[in-house]
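What follows are several structures.
In what comes next, subunit A is part of two complexes: it sits with subunit B in the first one and with subunit C in the second one.
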Partner chain A sequence: MKSLNHRTKVVILTAVMFVLLVAVYACGILISEEAVTGSFLNAKRPPCLEHPFGTDALGRDLFLRTLKGLSVSITVGLVASLISAVIAVLVGIAAANGSKWVDALINWIIDLVMSVPHTILIILISFALGRGLKGLLMGIAATHWCSLARLIRGEVLQLRSQQYVAVSRKLGKSSGWILTNHLLPHLVPQFFVGLILMFPHAILHEASISFLGFGLPPEQPAIGIILSESMRYLSTGMWWIAVLPGLTLVLIVLLIDKFGDHLRMILDPYSAQE
Partner chain B sequence: MKGTLGRIVRIFVTCSIKIISLLFAVSIISFVLVTVSPIDPVQQYILGLGTAISPEKRAQIEDYWGVNEPPVERYFTWLTELLRGNLGESAIYRRPVADIIGERFVNSFALMFCAWLFSGVIGFALGCIMGMYRGKLPDKILKKVCYILSSVPMFWLGLLFLLIFAVWLRWFPIGFSSPVGVLSENVTLWQKIHHLILPAFTLSLMSFANIALHTRQKLVDVMNSEYVLFAKARGEGQWTILRRHGLRNILLPALTLQFASFAELFGGSVMAENVFSYPGLGSAVSAAGLQGDVPLLLGVTLFSAMFVCVGNMIANLLYGVVDPQIREVGE
Partner chain C sequence: MALEAKNIYFRYDRKQPWILEDCSVRVEKGERLAIFAPSGYGKTTLAMLLAGYLEPAKGQILLDEKPLPKRGICPVQLIYQHPEKAINPRWRLKRVLEESGQLREDVLDAFGIERAWLDRFPRELSGGELQRFCVARALMSGAEYIICDEISTMMDVITQAQIWNVVLKEAGKRNMGIIAVTHNKHLAERIATRTIDLSI
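Let's look at the complex of A and B:
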C-alpha cells in the first residue's frame, strides 16, 4: 500500500463506492415483480437465512423489496437533483449576469421558495400534480435548487471580476463568448459537486414524502412506503419491518455522501493533488 | 442609542414589506397549485359525507362553493375573506379552518418550542465541547455523530424511538398528545408532557447537528485568533477563555442560525407529528393533502409561511441590531 499516494487511494475508493451504488441500483432493477409478491404462508417471519430482512404482513420478502425500493429512491434522487442542479446553474448565471433588477427578482424568488417549509411545498406540488411519481420529482426538484443557485451566483460574480475576463472584454469578446469560454468551465465542478451533495437530501425527502403518502403509490416498493406500513405492526413487535429497511437507507445515504465528498476532493483543483 | 432604535425600525419596516410581498406571492402560488390539481375537492367532500347524494344536491354544493366560477374571481373571493380572517371551512373536520389552526398550533407550538430549545442548548453545548477539544478524540467522535445524524431520516429515528421506548420499554405512550379515552379537561399537565417528550426529542435530533457544527467552526476561529493567544500568554485557563472570549463571539451567530431554521423545524414537525400521531398542524396538513381538504391545506400553507417569515425577521433583527460588530459598521 505504500506505493499508493493519497490521490490514488481516493480515486480507488471512489470507484469502489460507485460500483457498489450501481450494484444496488442494478439489483433493484433486475429483481422481478414475482420475487416481491409473497404468499401468506410465510408472512410475518423474523429475519432468517432465507429472508435476511424477514417478511412483511403479506409474506413479501423485505430484503428484495428494500433493494427494489432503493433503486427507486436512487432514480428519483438522481433525476430530481439533476433537474434542480440545472435550474440552479441557469438561475445563478442569470442572477449574476443580468441587470440589478433581475438579480433582485431572483433573490426574491429564492426567498419565496425558502419561506415555505420544504415538506409543505412538496405536499402542495404533489397535490397539484395528482400525487404519484411526477409530483414527487417536481416537488423535490423545485425545492432543492436555492442554495446551489446562491453559490453559483457568488462564484460567477467573483469570476467576472477577474482580470482575464476584463481583458477578454476589452478585446471585444461578446458576453456570450465570455460565458461559454471563461465562466462555464469553472462552473462544471461546482455543478457536479452540487449535484452529488443534493443527492442524499433528495433521497431523504423522497422517503419522507412517500412515508406521508404523497409520493409513490402504495403498491410500489419504496422505502418510505415500507416504513409507513411498518407503523401498523410496531406495537405487535414486528421490529424488522421498521429497522432493517431504514438502516439500509441510512447506509446508502452515507455511502452517497462519502462518494460526493471524495468526488469533490478529486474534482476540486485545490485539493486534487494532495 | 437613537441610531439603534432607528435601525430596528428600518429593519422592521423593510422586513415587513418583504414579508407581505412574500405572503401575497405564497397565497397566489398555492392557490394556483390547488386549482390545477386533478384531485376534485367536491368529490372528496362528498366522499367525506359518507352517504351517496343526488346530482342536484351536488350541483348545490358546487354552487355554494363557487367551483364553477373562473379561478381569478375565486381567488379574489378567497383573498377578501382571508383578509377578514375567514379561512373557510375544513372539509374533513367540518369546522372553520382558523379554529383548527389555532387549536392545533398550540400543540405544534409546544412540540416545536421544546425541540427548538433542546436542540439549541444541546447543539450549542456540543459545539463548544467540539471546539474546545478540536482535533482530539471527543471532537472526532462528536463530528462523526453529527454527520451520521444528518444522513438519518428523522421519521425513521422516530420509529426506532417508538419501538425502543414505547413498545419494548413502555416508558412512553405510542402516540397522541393526551391519553386516549380521557376527557380533555381531565388531562393533567404531566400527562401532556409525558406525551410530548418522545416527539420533541426526535424533532430536536434533526437540527442539533447543524448548530453544533456551526458553533464548532466559529469557536475554532475564535480560538485561533490573536487575542486568545494573548489571553493564553496571560495565563488564562481554557474554560476561562471560553467564558470570556468564546461565548461572546459564538452565542449570537448560533442564536441567529437557530431562528433562521424555522422552516426546517416546521417541516420536521410534519414528519414527527405523523410518526407519533400527534394532533398538531403537521398531521392536519398531511391529512388535508391526502383527503383533498383544500381550505385547510391552503390555510396551513399560509400559516407556515408566516411562521417562517417571523423566524427570519427575528434572525435579521438579531443579526443587524444586537450584533455589536454589524452595528458598528452600520453606524
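Let's look at the complex of A and C:
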C-alpha cells in the first residue's frame, strides 16, 4: 500500500474529528428527557459499568447528562461564534472600505469592547436580556467579534492595495463588484478558521457564565450547571461529579481547537501543499 | 487628440526629493513613444501617473484637454512589469479575460493563449504566459492609449517579439497611442516612432 502523504493524513484526521463532534452533538439531541431523570435509589453512585460517570445527588446518570450538556454547549458555541464571525466580517469590511472617520470609530469601538473583561461584559449583557439561552448567546456574540474584525480589516486593507484590484478599477469595475469578486473570496478561509477558533472560547464562556449562575437556568443539563452543582458535594468526596464532566468539556474544546488548526492547514495556500 | 502630462511634479513623501520635476510628455493618438532611462529615474512613476494610478502633486494629466475620468473604463490602460502581481491569485485565468470582456476566440488566437490555460490558476503558468493575459486584458474595447511598463523584460526574445507584434498590430488597427517604458535601447528603436530619455 502506498503510504499516505501529509495532506491526506490531515484531511482524514480532520474528517474524523468532525464526525466525532457531530456524533457528540447528535447523542445529546437524541437522549430523551426520561433518560436523564433519575431515581433517588441510584443517587450518589461513583463511576461503575452501569453509570460510567456515576450519578449525582438526585440519582441522574451523569454520563447522559454530560452528553446532553455538551450538545447544548456546542449549539451555543456554534450559534454565538457564527453571529460573531458575521459581525466581524461586516465590521472589518466597513472599516477598511469606509472613510477615515468610519475606520477610526470602528477601531475605537473594538478597543472599547476589548478593554472590558469578556466575562463581566457577558454577565451584564446576559443579565440585561433576561438570562437563559438568548441572553447568553447575545452576550457571547457581542463580545467575541473584535479580534476577528481587526484581522479582516487588515486583510481587506492589504488586498485593496494589490495591483489587480487597482487594475480592476481601471477596467471600469465598481466597488461592489470588486468587493464580491476580488475581496470576499480571499476572506472565506479567514472567516471559517476564525469561526472555528472562536468556538472553544464561546463554549468555555457558556460554561463559566452558567457556573456563576448568570447563564442557563438550573434545570437545563449544561456543563456549567453540572459543575456549579458539584461544588456542593465536592467536600463530601463526590469527586466524579466535577472531574468527569469537566474533563469531557476540556476534551471537546481541545478537539475543536485541533479541528480548527487542521482546517487552517488545509485552507491556507502556504501550507496546503505540504 | 493627445494624452499629455503638463509640467507635473511628483514625490512619494513630503520629506523626499522630487522624483519628477516639471516633467512634460505628449503622445498623439496613433503615436508610439518610448521612454528610456536608467533605474530610479521615475519611469514607472511616470507610467502610473499617466494612467491615473497616482495623482501628481503639481501639474495635470490631460486626455484630449480634459482630466482622466475617475470612474468607468479608463481610456489609458497600464500594463505592469510583474504580471503575477496584477492577476488575482485565486482566479482561474478565464476570469481575467472575462473581467475586461476579452474572452474571445480571436483574442486568444492573436496572443497565442492556449485553451488549456484558461482553466488553470495563475501560479501554474509562467511569467511570459501570464503577461499575455495582462496584455490581452488591457487591450479591451474603450482603451485608446496603452502604457507598457517594461512588459517584456521577463520574456525570452521570441516571446517578446510575438507579444510586441500583436500589440503593434492591434494598436495600429485601432489607431491607439502607445507609451513603452523600457531599458532596452534596441527594443525602443524598433517599436517607437519617437524616444525620450528621462536622464537627460
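Throughout what follows, the second predicted complex is superposed on the first by the 272 of 274 C-alpha atoms of A that agree within 3 Å, B and C clash if a C-alpha of one lies under 4 Å from a C-alpha of the other, contacts with A are read in each partner's own complex, and residues count from 1 in each chain.
Operating definition for what follows: contacts are C-beta pairs under 8 Å (C-beta built on N, C-alpha and C of every residue); 3 or more make two chains touch, one makes a residue touch a chain.
Keep in mind that what you see is a predicted model, and the values were worked out from it rather than measured.
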Practice task
Please indicate which partner A:K173 is in contact with in the superposed arrangement: first for subunit B, second for subunit C, both, or neither.
Solution key: second
Exercise for the section: Report for A:I12: first if it touches subunit B alone, second if subunit C alone, otherwise both or neither. Expected result: neither
Exercise for the section: Return first, second, both or neither, reflecting whether A:I125 touches subunit B, subunit C, both chains, or no partner chain. Expected result: first
Problem - Partner, of subunit C and subunit B, that touches more residues belonging to subunit A - result: B
Practice task
Classify the contacts of A:L249 with the two partner chains as first (subunit B alone), second (subunit C alone), both, or neither.
Solution key: first
Exercise for the section: Mind working out whether A:I29 is in touch with subunit B, subunit C, both or neither, as first, second, both or neither? Expected result: neither
Practice task
Kindly classify A:Y164 by the partners it touches after superposition: subunit B alone (first), subunit C alone (second), both, or neither?
Solution key: second
Exercise for the section: State whether A:H186 touches subunit B only (first), subunit C only (second), both chains, or neither. Expected result: second
Exercise for the section: For A:V102, select first, second, both or neither according to whether it touches subunit B, subunit C, the two together, or no partner. Expected result: neither
Fill in the blank from the handout: The shared contact residues of subunit A with subunit B and subunit C are none
Exercise for the section: In the complex, go through subunit B and note every residue touching subunit A. Expected result: 18, 21-22, 25-26, 29-30, 32-34, 36-39, 147-148, 151-156, 159-160, 162-163, 167, 174, 263-264, 266-268, 270-271, 274-275, 285-286, 289-290, 297, 300-301, 304-305, 308-309, 312
Exercise for the section: State the interface residues of subunit A toward subunit B in the complex, per the touch definition above. Expected result: 108, 111-112, 114-120, 123-131, 200, 204, 207-208, 211-214, 227, 230-231, 234-235, 237, 239, 242-243, 246, 249-250, 253-254, 257
Completion exercise
Interface with subunit A, subunit C side, in the complex: residues 51-53, 71-74, 77-78, 80, 82, 85-90, 99-100, 137, 140, 142
Practice task
Within their complex, state which residues of subunit A touch subunit C.
Solution key: 162-164, 166-168, 170-173, 182, 185-186, 269
